[in-house]
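One chain, subunit A, links the two complexes that follow: it is found with subunit B in the first and with subunit C in the second.
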Partner chain A sequence: MSQRAQVLLWGAQRISAMVLALCVLVHLLTMIYAVRSGLSAAEILGRTQGSIAWFAFYTLFVFAVAVHAPIGLRTIISESFNWRGRGLDVLTGVIGLSLAMWGMRAVFGVFGAGAA
Partner chain B sequence: METLQVRIWRGTEEGDFQDFEVPRQESQTVLDVVTYVQRKCDSTLSYRFACRVGVCGSCAMTVNGVSRWTCRTHVSKVAADNKLEIAPLRNLPVIKDLVTDMREFFDKWARARGRFTGSTTRKDEFAKVSPESKERKRVEAGIECIGCGVCYSACDVVSWNKDYLGPAALNRAWTLINDVRDTARAERLAAVAGDAGCHACHTHLACTERCPKGLSPTAGIAGLKRAVLAATLSGEI
Partner chain C sequence: MKNDFRSRNHPAYWAFIVHRFSGVLLALFLPLHFWALGQALHGAAALDGFLRWTEHPLVKFAETGLVLLLAAHMAGGLRLLALEFLEWREWQKTLLAAAAGVSLVAGLAFLLNLV
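Presenting the complex of A and B:
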(Lines of atoms letter the chains of each structure in order from A and count residues from 1; the text may use other names and numbers.)
(Lines give C-alpha, C1' and ligand atoms only; values in the text may rest on other atoms or scores of the structure.)
Protein backbone atom coordinates (compact mmCIF):
# COMPACT_ATOMS: atom_id res chain seq x y z
CA MET A 1 0.00 0.00 0.00
CA SER A 2 1.33 3.43 -0.88
CA GLN A 3 2.31 5.84 1.83
CA ARG A 4 -0.40 8.24 0.62
CA ALA A 5 -3.01 5.51 1.03
CA GLN A 6 -1.75 4.78 4.56
CA VAL A 7 -2.19 8.43 5.49
CA LEU A 8 -5.66 8.55 3.97
CA LEU A 9 -6.64 5.41 5.87
CA TRP A 10 -5.61 7.14 9.08
CA GLY A 11 -7.74 10.14 8.14
CA ALA A 12 -10.70 7.90 7.31
CA GLN A 13 -10.41 6.16 10.65
CA ARG A 14 -10.34 9.48 12.48
CA ILE A 15 -13.43 10.79 10.71
CA SER A 16 -15.32 7.50 11.05
CA ALA A 17 -14.49 7.53 14.78
CA MET A 18 -16.16 10.91 15.12
CA VAL A 19 -19.25 9.62 13.29
CA LEU A 20 -19.27 6.47 15.44
CA ALA A 21 -19.10 8.45 18.67
CA LEU A 22 -22.34 10.17 17.74
CA CYS A 23 -23.98 7.02 16.32
CA VAL A 24 -23.17 4.89 19.38
CA LEU A 25 -24.58 7.55 21.68
CA VAL A 26 -27.85 7.82 19.74
CA HIS A 27 -28.07 4.02 19.44
CA LEU A 28 -27.55 3.47 23.19
CA LEU A 29 -30.07 6.14 24.15
CA THR A 30 -32.58 4.58 21.75
CA MET A 31 -31.99 1.10 23.16
CA ILE A 32 -32.34 2.33 26.75
CA TYR A 33 -35.60 4.08 25.82
CA ALA A 34 -36.94 0.97 24.07
CA VAL A 35 -36.06 -1.36 26.94
CA ARG A 36 -37.26 0.91 29.75
CA SER A 37 -40.51 1.59 27.92
CA GLY A 38 -41.13 -2.15 27.69
CA LEU A 39 -41.59 -2.16 23.94
CA SER A 40 -41.98 -5.60 22.34
CA ALA A 41 -40.04 -6.62 19.25
CA ALA A 42 -43.18 -6.26 17.17
CA GLU A 43 -43.78 -2.76 18.53
CA ILE A 44 -40.19 -1.75 17.77
CA LEU A 45 -40.43 -3.11 14.24
CA GLY A 46 -43.71 -1.28 13.80
CA ARG A 47 -41.93 2.00 14.51
CA THR A 48 -38.81 1.30 12.49
CA GLN A 49 -40.21 -0.17 9.26
CA GLY A 50 -40.47 2.41 6.55
CA SER A 51 -38.74 5.07 8.60
CA ILE A 52 -36.42 6.86 6.21
CA ALA A 53 -34.74 8.78 9.03
CA TRP A 54 -33.81 5.63 10.99
CA PHE A 55 -32.82 3.85 7.79
CA ALA A 56 -30.46 6.72 6.91
CA PHE A 57 -29.07 6.87 10.46
CA TYR A 58 -28.27 3.15 10.68
CA THR A 59 -26.89 3.10 7.14
CA LEU A 60 -24.47 5.82 8.21
CA PHE A 61 -23.69 3.77 11.37
CA VAL A 62 -22.96 0.63 9.35
CA PHE A 63 -20.68 2.40 6.90
CA ALA A 64 -18.80 4.12 9.71
CA VAL A 65 -18.20 0.68 11.27
CA ALA A 66 -17.22 -0.79 7.90
CA VAL A 67 -14.59 1.93 7.49
CA HIS A 68 -13.37 2.16 11.08
CA ALA A 69 -13.08 -1.45 12.22
CA PRO A 70 -11.02 -2.91 9.34
CA ILE A 71 -8.45 -0.12 9.53
CA GLY A 72 -7.98 -0.78 13.24
CA LEU A 73 -7.87 -4.53 12.70
CA ARG A 74 -5.24 -4.04 9.99
CA THR A 75 -3.00 -2.35 12.54
CA ILE A 76 -3.72 -4.88 15.30
CA ILE A 77 -3.02 -7.83 12.98
CA SER A 78 0.13 -6.21 11.64
CA GLU A 79 1.51 -5.50 15.10
CA SER A 80 0.44 -8.83 16.62
CA PHE A 81 1.64 -11.13 13.85
CA ASN A 82 4.26 -8.95 12.16
CA TRP A 83 2.28 -9.27 8.93
CA ARG A 84 2.51 -6.52 6.32
CA GLY A 85 1.93 -6.24 2.60
CA ARG A 86 -0.71 -6.88 0.01
CA GLY A 87 -2.28 -9.91 1.67
CA LEU A 88 -3.06 -7.89 4.79
CA ASP A 89 -4.50 -5.04 2.72
CA VAL A 90 -6.76 -7.47 0.83
CA LEU A 91 -7.93 -8.97 4.11
CA THR A 92 -8.69 -5.47 5.39
CA GLY A 93 -10.84 -4.80 2.32
CA VAL A 94 -12.66 -8.11 2.68
CA ILE A 95 -13.44 -7.41 6.34
CA GLY A 96 -14.73 -3.96 5.45
CA LEU A 97 -16.97 -5.24 2.66
CA SER A 98 -18.26 -8.07 4.87
CA LEU A 99 -19.15 -5.68 7.67
CA ALA A 100 -20.92 -3.38 5.20
CA MET A 101 -22.82 -6.29 3.65
CA TRP A 102 -23.95 -7.89 6.92
CA GLY A 103 -24.67 -4.52 8.45
CA MET A 104 -26.85 -3.42 5.57
CA ARG A 105 -28.64 -6.78 5.63
CA ALA A 106 -29.60 -6.04 9.22
CA VAL A 107 -30.60 -2.47 8.35
CA PHE A 108 -32.87 -3.67 5.55
CA GLY A 109 -34.28 -6.31 7.88
CA VAL A 110 -35.25 -3.82 10.58
CA PHE A 111 -36.00 -0.70 8.60
CA GLY A 112 -36.93 -1.93 5.12
CA ALA A 113 -40.57 -1.46 4.14
CA GLY A 114 -40.95 -5.16 3.37
CA ALA A 115 -39.49 -6.47 6.59
CA ALA A 116 -41.52 -9.04 8.45
CA MET B 1 25.49 -0.05 57.40
CA GLU B 2 22.37 -0.15 55.28
CA THR B 3 22.85 -2.01 52.01
CA LEU B 4 21.09 -2.21 48.66
CA GLN B 5 20.26 -5.53 47.06
CA VAL B 6 21.14 -4.92 43.42
CA ARG B 7 20.47 -7.22 40.46
CA ILE B 8 22.26 -6.24 37.27
CA TRP B 9 21.84 -7.74 33.81
CA ARG B 10 24.95 -9.55 32.57
CA GLY B 11 25.39 -10.80 29.04
CA THR B 12 23.98 -9.78 25.69
CA GLU B 13 20.52 -10.68 24.41
CA GLU B 14 21.13 -13.93 26.28
CA GLY B 15 22.21 -13.66 29.86
CA ASP B 16 21.01 -13.41 33.43
CA PHE B 17 20.87 -11.08 36.38
CA GLN B 18 23.79 -11.05 38.80
CA ASP B 19 23.31 -10.07 42.45
CA PHE B 20 25.41 -7.49 44.25
CA GLU B 21 25.31 -5.78 47.61
CA VAL B 22 26.01 -2.06 47.55
CA PRO B 23 26.31 0.27 50.57
CA ARG B 24 23.39 2.67 50.76
CA GLN B 25 24.43 6.30 50.81
CA GLU B 26 22.67 9.60 51.11
CA SER B 27 21.68 11.28 47.81
CA GLN B 28 22.84 8.16 45.96
CA THR B 29 21.85 7.89 42.31
CA VAL B 30 21.33 4.69 40.33
CA LEU B 31 24.40 5.59 38.30
CA ASP B 32 26.37 5.81 41.55
CA VAL B 33 25.24 2.27 42.33
CA VAL B 34 26.33 0.93 38.93
CA THR B 35 29.64 2.75 39.22
CA TYR B 36 30.23 1.27 42.68
CA VAL B 37 29.62 -2.24 41.32
CA GLN B 38 31.97 -1.69 38.40
CA ARG B 39 34.75 -0.24 40.58
CA LYS B 40 34.42 -2.32 43.74
CA CYS B 41 32.70 -5.60 42.82
CA ASP B 42 33.25 -6.55 39.18
CA SER B 43 35.39 -4.49 36.83
CA THR B 44 34.09 -6.42 33.80
CA LEU B 45 30.67 -4.78 34.11
CA SER B 46 29.98 -2.66 31.04
CA TYR B 47 27.82 0.45 31.13
CA ARG B 48 27.75 3.85 29.49
CA PHE B 49 27.85 7.32 30.99
CA ALA B 50 29.54 10.64 30.39
CA CYS B 51 28.35 13.88 31.97
CA ARG B 52 26.64 12.55 35.15
CA VAL B 53 24.43 15.65 35.28
CA GLY B 54 21.56 14.94 32.88
CA VAL B 55 22.95 16.62 29.78
CA CYS B 56 24.55 13.97 27.57
CA GLY B 57 21.77 11.36 27.56
CA SER B 58 24.11 8.37 27.58
CA CYS B 59 23.32 6.66 30.91
CA ALA B 60 19.71 5.55 30.35
CA MET B 61 18.85 2.07 31.64
CA THR B 62 15.84 0.09 32.77
CA VAL B 63 15.52 0.48 36.53
CA ASN B 64 13.04 -1.76 38.33
CA GLY B 65 11.27 -2.26 34.99
CA VAL B 66 11.09 1.41 34.05
CA SER B 67 13.27 3.25 31.53
CA ARG B 68 15.12 6.09 33.26
CA TRP B 69 18.18 8.32 33.07
CA THR B 70 20.27 6.88 35.87
CA CYS B 71 22.47 9.87 36.68
CA ARG B 72 19.54 11.90 37.94
CA THR B 73 17.46 9.09 39.34
CA HIS B 74 17.89 8.97 43.08
CA VAL B 75 17.82 5.54 44.68
CA SER B 76 15.37 6.87 47.25
CA LYS B 77 12.90 7.55 44.44
CA VAL B 78 12.93 4.07 42.91
CA ALA B 79 14.02 1.62 45.63
CA ALA B 80 11.94 2.19 48.73
CA ASP B 81 12.62 -1.42 49.80
CA ASN B 82 16.35 -1.11 49.02
CA LYS B 83 16.05 -3.42 46.01
CA LEU B 84 17.17 -2.46 42.54
CA GLU B 85 16.97 -4.38 39.27
CA ILE B 86 19.02 -2.71 36.58
CA ALA B 87 18.79 -3.82 32.94
CA PRO B 88 19.68 -2.33 29.56
CA LEU B 89 17.18 -0.20 27.65
CA ARG B 90 14.35 -2.11 26.00
CA ASN B 91 13.81 -2.22 22.21
CA LEU B 92 17.52 -1.96 21.38
CA PRO B 93 20.08 -4.72 20.78
CA VAL B 94 22.27 -5.35 23.81
CA ILE B 95 26.00 -5.17 23.14
CA LYS B 96 27.05 -6.21 26.64
CA ASP B 97 25.55 -5.91 30.12
CA LEU B 98 23.96 -2.44 30.32
CA VAL B 99 25.26 -1.15 26.98
CA THR B 100 22.84 -1.08 24.06
CA ASP B 101 23.53 -0.57 20.38
CA MET B 102 22.03 2.86 19.67
CA ARG B 103 22.59 2.80 15.90
CA GLU B 104 19.01 1.84 15.08
CA PHE B 105 17.77 4.66 17.32
CA PHE B 106 19.88 7.34 15.64
CA ASP B 107 19.49 5.90 12.13
CA LYS B 108 15.79 6.54 12.56
CA TRP B 109 16.49 10.20 13.34
CA ALA B 110 18.22 10.34 9.94
CA ARG B 111 15.29 8.52 8.28
CA ALA B 112 12.93 11.10 9.77
CA ARG B 113 15.14 13.80 8.22
CA GLY B 114 16.19 15.03 11.63
CA ARG B 115 18.86 17.31 10.19
CA PHE B 116 18.17 21.02 9.71
CA THR B 117 18.14 22.14 6.08
CA GLY B 118 18.52 25.89 5.57
CA SER B 119 18.82 28.22 2.61
CA THR B 120 21.03 30.98 4.00
CA THR B 121 24.78 31.34 4.43
CA ARG B 122 26.91 32.88 7.14
CA LYS B 123 26.97 36.07 5.11
CA ASP B 124 23.21 36.52 5.44
CA GLU B 125 21.46 38.29 8.28
CA PHE B 126 20.26 36.27 11.24
CA ALA B 127 16.70 35.06 10.89
CA LYS B 128 14.31 36.89 13.17
CA VAL B 129 12.01 34.44 14.92
CA SER B 130 9.63 35.86 17.48
CA PRO B 131 9.62 33.85 20.72
CA GLU B 132 5.88 34.53 20.81
CA SER B 133 5.12 32.95 17.43
CA LYS B 134 3.14 29.72 17.57
CA GLU B 135 5.79 27.88 15.56
CA ARG B 136 8.57 28.91 17.94
CA LYS B 137 6.49 27.90 20.95
CA ARG B 138 6.00 24.45 19.42
CA VAL B 139 9.74 24.16 18.84
CA GLU B 140 10.36 25.28 22.42
CA ALA B 141 8.16 22.47 23.70
CA GLY B 142 10.26 19.76 22.05
CA ILE B 143 13.76 21.12 21.49
CA GLU B 144 15.39 20.04 24.76
CA CYS B 145 15.60 16.36 23.80
CA ILE B 146 18.98 14.90 24.84
CA GLY B 147 18.65 11.72 22.77
CA CYS B 148 18.80 9.39 25.76
CA GLY B 149 16.52 6.75 24.23
CA VAL B 150 14.23 6.47 27.26
CA CYS B 151 11.13 7.23 25.17
CA TYR B 152 12.19 4.69 22.54
CA SER B 153 12.68 2.07 25.23
CA ALA B 154 9.33 2.86 26.86
CA CYS B 155 7.35 2.77 23.59
CA ASP B 156 5.24 -0.36 23.03
CA VAL B 157 4.70 0.48 19.36
CA VAL B 158 8.46 0.24 18.78
CA SER B 159 8.41 -3.26 20.27
CA TRP B 160 5.51 -4.28 18.01
CA ASN B 161 6.67 -2.57 14.82
CA LYS B 162 10.42 -2.54 14.29
CA ASP B 163 10.08 -0.10 11.37
CA TYR B 164 8.39 2.53 13.54
CA LEU B 165 10.55 5.65 13.74
CA GLY B 166 9.84 6.13 17.43
CA PRO B 167 9.05 9.11 19.63
CA ALA B 168 12.45 10.82 19.66
CA ALA B 169 12.94 10.90 15.89
CA LEU B 170 9.38 12.10 15.36
CA ASN B 171 9.76 14.75 18.07
CA ARG B 172 12.88 15.97 16.27
CA ALA B 173 11.02 16.08 12.96
CA TRP B 174 8.22 18.08 14.60
CA THR B 175 10.66 20.72 15.89
CA LEU B 176 12.08 21.08 12.38
CA ILE B 177 8.64 21.23 10.75
CA ASN B 178 8.00 24.23 12.99
CA ASP B 179 11.39 25.81 12.33
CA VAL B 180 10.51 28.66 9.97
CA ARG B 181 14.07 28.70 8.59
CA ASP B 182 13.96 25.07 7.47
CA THR B 183 13.45 24.35 3.77
CA ALA B 184 12.78 20.59 3.73
CA ARG B 185 9.21 20.60 5.05
CA ALA B 186 7.64 18.48 2.30
CA GLU B 187 10.43 15.91 2.26
CA ARG B 188 10.30 15.64 6.04
CA LEU B 189 6.53 15.25 6.15
CA ALA B 190 6.81 12.48 3.55
CA ALA B 191 9.58 10.84 5.60
CA VAL B 192 7.45 10.64 8.74
CA ALA B 193 4.15 9.62 7.10
CA GLY B 194 2.36 6.31 7.20
CA ASP B 195 2.59 2.94 8.93
CA ALA B 196 6.25 3.28 9.95
CA GLY B 197 5.91 6.93 10.86
CA CYS B 198 3.73 9.14 12.98
CA HIS B 199 0.49 7.39 12.05
CA ALA B 200 1.61 4.22 13.84
CA CYS B 201 1.53 5.99 17.23
CA HIS B 202 -1.29 4.75 19.47
CA THR B 203 -1.06 7.71 21.85
CA HIS B 204 -0.22 5.45 24.80
CA LEU B 205 1.76 8.41 26.20
CA ALA B 206 4.52 6.15 27.60
CA CYS B 207 7.13 8.43 25.98
CA THR B 208 5.59 11.50 27.56
CA GLU B 209 5.29 9.77 30.92
CA ARG B 210 8.93 8.66 30.91
CA CYS B 211 10.78 11.53 29.19
CA PRO B 212 13.29 12.72 31.80
CA LYS B 213 13.23 16.20 30.28
CA GLY B 214 9.48 16.47 30.65
CA LEU B 215 8.86 16.73 26.91
CA SER B 216 5.76 15.41 25.20
CA PRO B 217 6.70 13.56 22.01
CA THR B 218 3.06 12.45 21.89
CA ALA B 219 1.93 16.03 21.33
CA GLY B 220 4.48 16.50 18.57
CA ILE B 221 3.46 13.24 16.91
CA ALA B 222 -0.20 14.32 17.03
CA GLY B 223 0.83 17.54 15.31
CA LEU B 224 2.74 15.57 12.67
CA LYS B 225 -0.30 13.36 12.00
CA ARG B 226 -2.44 16.39 11.26
CA ALA B 227 0.25 18.15 9.24
CA VAL B 228 0.92 15.06 7.11
CA LEU B 229 -2.80 14.52 6.44
CA ALA B 230 -3.24 18.16 5.45
CA ALA B 231 -0.18 17.98 3.19
CA THR B 232 -1.49 14.77 1.61
CA LEU B 233 -4.94 16.21 0.94
CA SER B 234 -3.49 19.42 -0.49
CA GLY B 235 -1.07 17.53 -2.74
CA GLU B 236 2.01 18.97 -1.00
CA ILE B 237 3.35 15.46 -0.55
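Presenting the complex of A and C:
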Protein backbone atom coordinates (compact mmCIF):
# COMPACT_ATOMS: atom_id res chain seq x y z
CA MET A 1 0.00 0.00 0.00
CA SER A 2 1.31 3.44 -0.94
CA GLN A 3 2.32 5.92 1.72
CA ARG A 4 -0.47 8.24 0.59
CA ALA A 5 -3.06 5.50 1.03
CA GLN A 6 -1.73 4.73 4.51
CA VAL A 7 -2.05 8.39 5.51
CA LEU A 8 -5.62 8.39 4.16
CA LEU A 9 -6.45 5.30 6.26
CA TRP A 10 -4.88 6.92 9.33
CA GLY A 11 -6.98 10.06 8.79
CA ALA A 12 -10.17 8.10 8.13
CA GLN A 13 -9.59 6.14 11.34
CA ARG A 14 -9.26 9.36 13.40
CA ILE A 15 -12.17 11.21 11.80
CA SER A 16 -14.45 8.18 12.15
CA ALA A 17 -13.27 7.90 15.79
CA MET A 18 -14.37 11.48 16.46
CA VAL A 19 -17.80 10.81 14.94
CA LEU A 20 -18.07 7.51 16.83
CA ALA A 21 -17.17 9.12 20.15
CA LEU A 22 -20.32 11.23 19.90
CA CYS A 23 -22.44 8.35 18.55
CA VAL A 24 -21.26 5.95 21.28
CA LEU A 25 -21.93 8.52 23.99
CA VAL A 26 -25.53 8.92 22.75
CA HIS A 27 -25.80 5.12 22.37
CA LEU A 28 -24.58 4.47 25.94
CA LEU A 29 -26.99 7.03 27.42
CA THR A 30 -29.87 5.64 25.33
CA MET A 31 -29.11 2.06 26.41
CA ILE A 32 -28.80 2.92 30.09
CA TYR A 33 -32.12 4.76 29.87
CA ALA A 34 -33.87 2.14 27.70
CA VAL A 35 -33.17 -0.92 29.87
CA ARG A 36 -34.77 0.58 33.01
CA SER A 37 -37.99 -1.35 32.59
CA GLY A 38 -36.72 -4.16 30.39
CA LEU A 39 -36.19 -4.18 26.65
CA SER A 40 -39.15 -4.79 24.38
CA ALA A 41 -39.85 -4.34 20.68
CA ALA A 42 -42.51 -1.77 21.65
CA GLU A 43 -39.90 0.27 23.57
CA ILE A 44 -37.29 0.16 20.78
CA LEU A 45 -39.63 0.57 17.81
CA GLY A 46 -41.72 3.20 19.63
CA ARG A 47 -38.60 5.35 19.67
CA THR A 48 -37.20 4.59 16.23
CA GLN A 49 -40.13 3.79 13.91
CA GLY A 50 -40.75 6.61 11.49
CA SER A 51 -38.24 8.86 13.25
CA ILE A 52 -36.07 10.63 10.69
CA ALA A 53 -33.77 11.88 13.46
CA TRP A 54 -32.99 8.36 14.78
CA PHE A 55 -32.71 7.05 11.21
CA ALA A 56 -30.14 9.74 10.39
CA PHE A 57 -28.28 9.11 13.66
CA TYR A 58 -28.05 5.34 13.19
CA THR A 59 -27.10 5.73 9.52
CA LEU A 60 -24.20 7.98 10.51
CA PHE A 61 -23.31 5.52 13.30
CA VAL A 62 -23.28 2.53 10.91
CA PHE A 63 -21.14 4.26 8.27
CA ALA A 64 -18.68 5.57 10.86
CA VAL A 65 -18.24 2.08 12.32
CA ALA A 66 -18.00 0.57 8.82
CA VAL A 67 -14.98 2.84 8.27
CA HIS A 68 -13.47 2.54 11.76
CA ALA A 69 -13.68 -1.19 12.53
CA PRO A 70 -12.10 -2.56 9.31
CA ILE A 71 -9.12 -0.18 9.57
CA GLY A 72 -8.54 -1.19 13.19
CA LEU A 73 -8.88 -4.88 12.40
CA ARG A 74 -6.54 -4.43 9.43
CA THR A 75 -3.82 -3.04 11.70
CA ILE A 76 -4.26 -5.83 14.24
CA ILE A 77 -4.29 -8.59 11.59
CA SER A 78 -1.27 -7.08 9.86
CA GLU A 79 0.74 -6.86 13.08
CA SER A 80 -0.35 -10.22 14.49
CA PHE A 81 0.21 -12.30 11.37
CA ASN A 82 2.80 -10.14 9.64
CA TRP A 83 0.43 -9.94 6.69
CA ARG A 84 0.68 -7.08 4.23
CA GLY A 85 -0.44 -6.79 0.67
CA ARG A 86 -3.34 -6.81 -1.70
CA GLY A 87 -5.22 -9.62 0.06
CA LEU A 88 -5.34 -7.66 3.31
CA ASP A 89 -6.61 -4.56 1.49
CA VAL A 90 -9.37 -6.60 -0.13
CA LEU A 91 -10.32 -8.17 3.23
CA THR A 92 -10.50 -4.68 4.81
CA GLY A 93 -12.81 -3.50 2.04
CA VAL A 94 -15.03 -6.58 2.32
CA ILE A 95 -15.37 -6.17 6.11
CA GLY A 96 -16.27 -2.49 5.67
CA LEU A 97 -18.87 -3.10 2.96
CA SER A 98 -20.39 -6.02 4.87
CA LEU A 99 -20.72 -3.96 8.05
CA ALA A 100 -22.28 -1.05 6.12
CA MET A 101 -24.84 -3.26 4.36
CA TRP A 102 -25.63 -5.47 7.35
CA GLY A 103 -25.86 -2.40 9.59
CA MET A 104 -28.18 -0.52 7.24
CA ARG A 105 -30.42 -3.59 7.11
CA ALA A 106 -30.81 -3.24 10.89
CA VAL A 107 -31.39 0.53 10.60
CA PHE A 108 -34.17 -0.02 8.06
CA GLY A 109 -35.53 -2.75 10.34
CA VAL A 110 -35.99 -0.47 13.34
CA PHE A 111 -37.08 2.49 11.18
CA GLY A 112 -40.04 0.46 10.07
CA ALA A 113 -39.26 -0.76 6.58
CA GLY A 114 -40.62 -4.21 7.44
CA ALA A 115 -43.33 -3.22 9.89
CA ALA A 116 -46.49 -5.21 9.44
CA MET B 1 17.39 -4.89 22.61
CA LYS B 2 15.78 -6.79 25.42
CA ASN B 3 12.04 -6.34 25.56
CA ASP B 4 10.89 -8.23 28.61
CA PHE B 5 7.71 -7.99 30.66
CA ARG B 6 8.96 -5.04 32.72
CA SER B 7 8.74 -2.73 29.71
CA ARG B 8 5.14 -3.82 29.21
CA ASN B 9 3.92 -3.75 32.79
CA HIS B 10 2.86 -0.14 32.57
CA PRO B 11 -0.59 1.54 32.66
CA ALA B 12 -0.22 2.84 29.10
CA TYR B 13 0.58 -0.67 27.86
CA TRP B 14 -2.47 -2.07 29.62
CA ALA B 15 -4.56 0.70 28.04
CA PHE B 16 -3.22 -0.40 24.64
CA ILE B 17 -4.21 -4.03 25.38
CA VAL B 18 -7.70 -3.01 26.59
CA HIS B 19 -8.22 -0.88 23.46
CA ARG B 20 -7.24 -3.74 21.13
CA PHE B 21 -9.13 -6.42 23.04
CA SER B 22 -12.31 -4.32 23.27
CA GLY B 23 -12.02 -3.28 19.62
CA VAL B 24 -11.78 -6.87 18.36
CA LEU B 25 -14.62 -8.13 20.57
CA LEU B 26 -16.90 -5.22 19.61
CA ALA B 27 -16.17 -5.80 15.91
CA LEU B 28 -17.03 -9.50 16.32
CA PHE B 29 -20.22 -8.61 18.20
CA LEU B 30 -21.48 -6.14 15.57
CA PRO B 31 -22.82 -8.72 13.06
CA LEU B 32 -24.85 -10.38 15.84
CA HIS B 33 -26.12 -6.99 17.02
CA PHE B 34 -27.17 -6.01 13.48
CA TRP B 35 -28.81 -9.41 12.94
CA ALA B 36 -30.82 -9.04 16.18
CA LEU B 37 -32.09 -5.56 15.28
CA GLY B 38 -32.77 -6.74 11.73
CA GLN B 39 -35.39 -9.09 13.21
CA ALA B 40 -37.63 -6.00 13.23
CA LEU B 41 -37.86 -6.41 9.44
CA HIS B 42 -40.07 -9.43 10.19
CA GLY B 43 -42.27 -7.42 12.55
CA ALA B 44 -42.35 -6.50 16.24
CA ALA B 45 -43.21 -10.07 17.30
CA ALA B 46 -39.99 -11.42 15.74
CA LEU B 47 -37.94 -8.79 17.57
CA ASP B 48 -39.74 -9.56 20.84
CA GLY B 49 -38.97 -13.25 20.29
CA PHE B 50 -35.27 -12.42 20.29
CA LEU B 51 -35.53 -9.94 23.18
CA ARG B 52 -37.09 -12.62 25.42
CA TRP B 53 -33.81 -14.52 25.08
CA THR B 54 -31.96 -11.48 26.47
CA GLU B 55 -33.87 -11.85 29.77
CA HIS B 56 -31.56 -14.74 30.64
CA PRO B 57 -29.18 -13.72 33.47
CA LEU B 58 -26.13 -14.94 31.56
CA VAL B 59 -27.10 -12.79 28.57
CA LYS B 60 -27.57 -9.79 30.88
CA PHE B 61 -24.12 -10.45 32.29
CA ALA B 62 -22.66 -10.58 28.76
CA GLU B 63 -24.53 -7.38 27.80
CA THR B 64 -23.02 -5.58 30.78
CA GLY B 65 -19.59 -6.78 29.67
CA LEU B 66 -20.24 -5.39 26.20
CA VAL B 67 -21.35 -2.02 27.58
CA LEU B 68 -18.18 -1.92 29.67
CA LEU B 69 -16.07 -2.77 26.59
CA LEU B 70 -17.86 -0.13 24.50
CA ALA B 71 -17.35 2.54 27.16
CA ALA B 72 -13.71 1.51 27.61
CA HIS B 73 -13.08 1.66 23.86
CA MET B 74 -14.71 5.09 23.63
CA ALA B 75 -12.93 6.54 26.66
CA GLY B 76 -9.59 4.98 25.69
CA GLY B 77 -10.07 6.25 22.12
CA LEU B 78 -10.75 9.78 23.34
CA ARG B 79 -7.55 9.55 25.37
CA LEU B 80 -5.63 8.58 22.20
CA LEU B 81 -7.19 11.44 20.23
CA ALA B 82 -6.19 13.86 23.02
CA LEU B 83 -2.63 12.50 22.99
CA GLU B 84 -2.37 12.80 19.21
CA PHE B 85 -4.12 16.08 18.56
CA LEU B 86 -3.80 18.24 21.67
CA GLU B 87 -0.75 19.97 23.00
CA TRP B 88 0.89 18.03 25.81
CA ARG B 89 -0.27 19.11 29.25
CA GLU B 90 0.31 17.56 32.63
CA TRP B 91 -3.33 16.54 32.97
CA GLN B 92 -2.97 14.20 30.03
CA LYS B 93 -1.30 11.75 32.38
CA THR B 94 -4.52 11.49 34.33
CA LEU B 95 -6.52 10.65 31.20
CA LEU B 96 -5.91 6.94 31.80
CA ALA B 97 -7.57 7.07 35.20
CA ALA B 98 -10.38 9.22 33.80
CA ALA B 99 -10.95 6.76 30.94
CA ALA B 100 -11.11 3.83 33.36
CA GLY B 101 -13.49 5.77 35.61
CA VAL B 102 -15.86 6.70 32.76
CA SER B 103 -15.96 3.05 31.62
CA LEU B 104 -16.80 1.76 35.08
CA VAL B 105 -19.50 4.40 35.60
CA ALA B 106 -21.15 3.47 32.28
CA GLY B 107 -20.95 -0.26 33.01
CA LEU B 108 -22.36 0.12 36.52
CA ALA B 109 -25.14 2.49 35.46
CA PHE B 110 -26.20 -0.01 32.80
CA LEU B 111 -26.07 -2.94 35.22
CA LEU B 112 -28.05 -1.11 37.93
CA ASN B 113 -30.77 -0.21 35.43
CA LEU B 114 -30.76 -3.69 33.94
CA VAL B 115 -31.35 -5.72 37.11
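The criterion applied here is as follows: the second predicted complex is superposed on the first by the 108 of 116 C-alpha atoms of A that agree within 3 Å, B and C clash if a C-alpha of one lies under 4 Å from a C-alpha of the other, contacts with A are read in each partner's own complex, and residues count from 1 in each chain.
One rule holds in what follows: contacts are C-beta pairs under 8 Å (C-beta built on N, C-alpha and C of every residue); 3 or more make two chains touch, one makes a residue touch a chain.
Source: prediction; values computed, not measured.
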Exercise. Is it subunit B or subunit C that touches the larger share of residues in subunit A?
Worked result: C
For this session: Mind working out whether A:V90 is in touch with subunit B, subunit C, both or neither, as first, second, both or neither?
Result: neither
Exercise. Does subunit B (first) or subunit C (second) touch A:V26, or do both, or does neither?
Worked result: neither
Problem set entry | Partner chain(s) touched by A:A17 [first = subunit B, second = subunit C, both, neither] | second
Exercise. If you stack the two complexes on chain A, which partner ends up touching A:L99: first (subunit B), second (subunit C), both, or neither?
Worked result: second
For this session: Kindly classify A:G38 by the partners it touches after superposition: subunit B alone (first), subunit C alone (second), both, or neither?
Result: second
Exercise. Is A:A56 in contact with subunit B, with subunit C, with both, or with neither (first, second, both, neither)?
Worked result: neither
Exercise. Can you list the residues of subunit A that touch subunit B in one structure and subunit C in the other?
Worked result: none
For this session: Provide the residue numbers of subunit B that touch subunit A in the complex, in ascending order.
Result: 157, 160-161, 190, 193-195, 199-200, 225, 228-229, 232-233, 237
For this session: Quick one: which bits of subunit A touch subunit B in the complex? Just the residue numbers, please.
Result: 1, 3-4, 6-8, 10-11, 75, 78-80, 84
Exercise. What residues on subunit C touch subunit A, complex-wise?
Worked result: 20, 23-24, 26-27, 30-31, 33-45, 47-48, 51, 54-55, 67, 70-71, 73-74, 77-78, 80-81, 84-85, 106, 109-110, 113-114
For this session: Report the residues of subunit A in contact with subunit C in the complex, numbered from low to high.
Result: 14, 17-18, 20-21, 24-25, 27-28, 31-33, 35-36, 38-42, 44-45, 65, 69, 72-73, 76, 98-99, 102-103, 105-110, 112-116
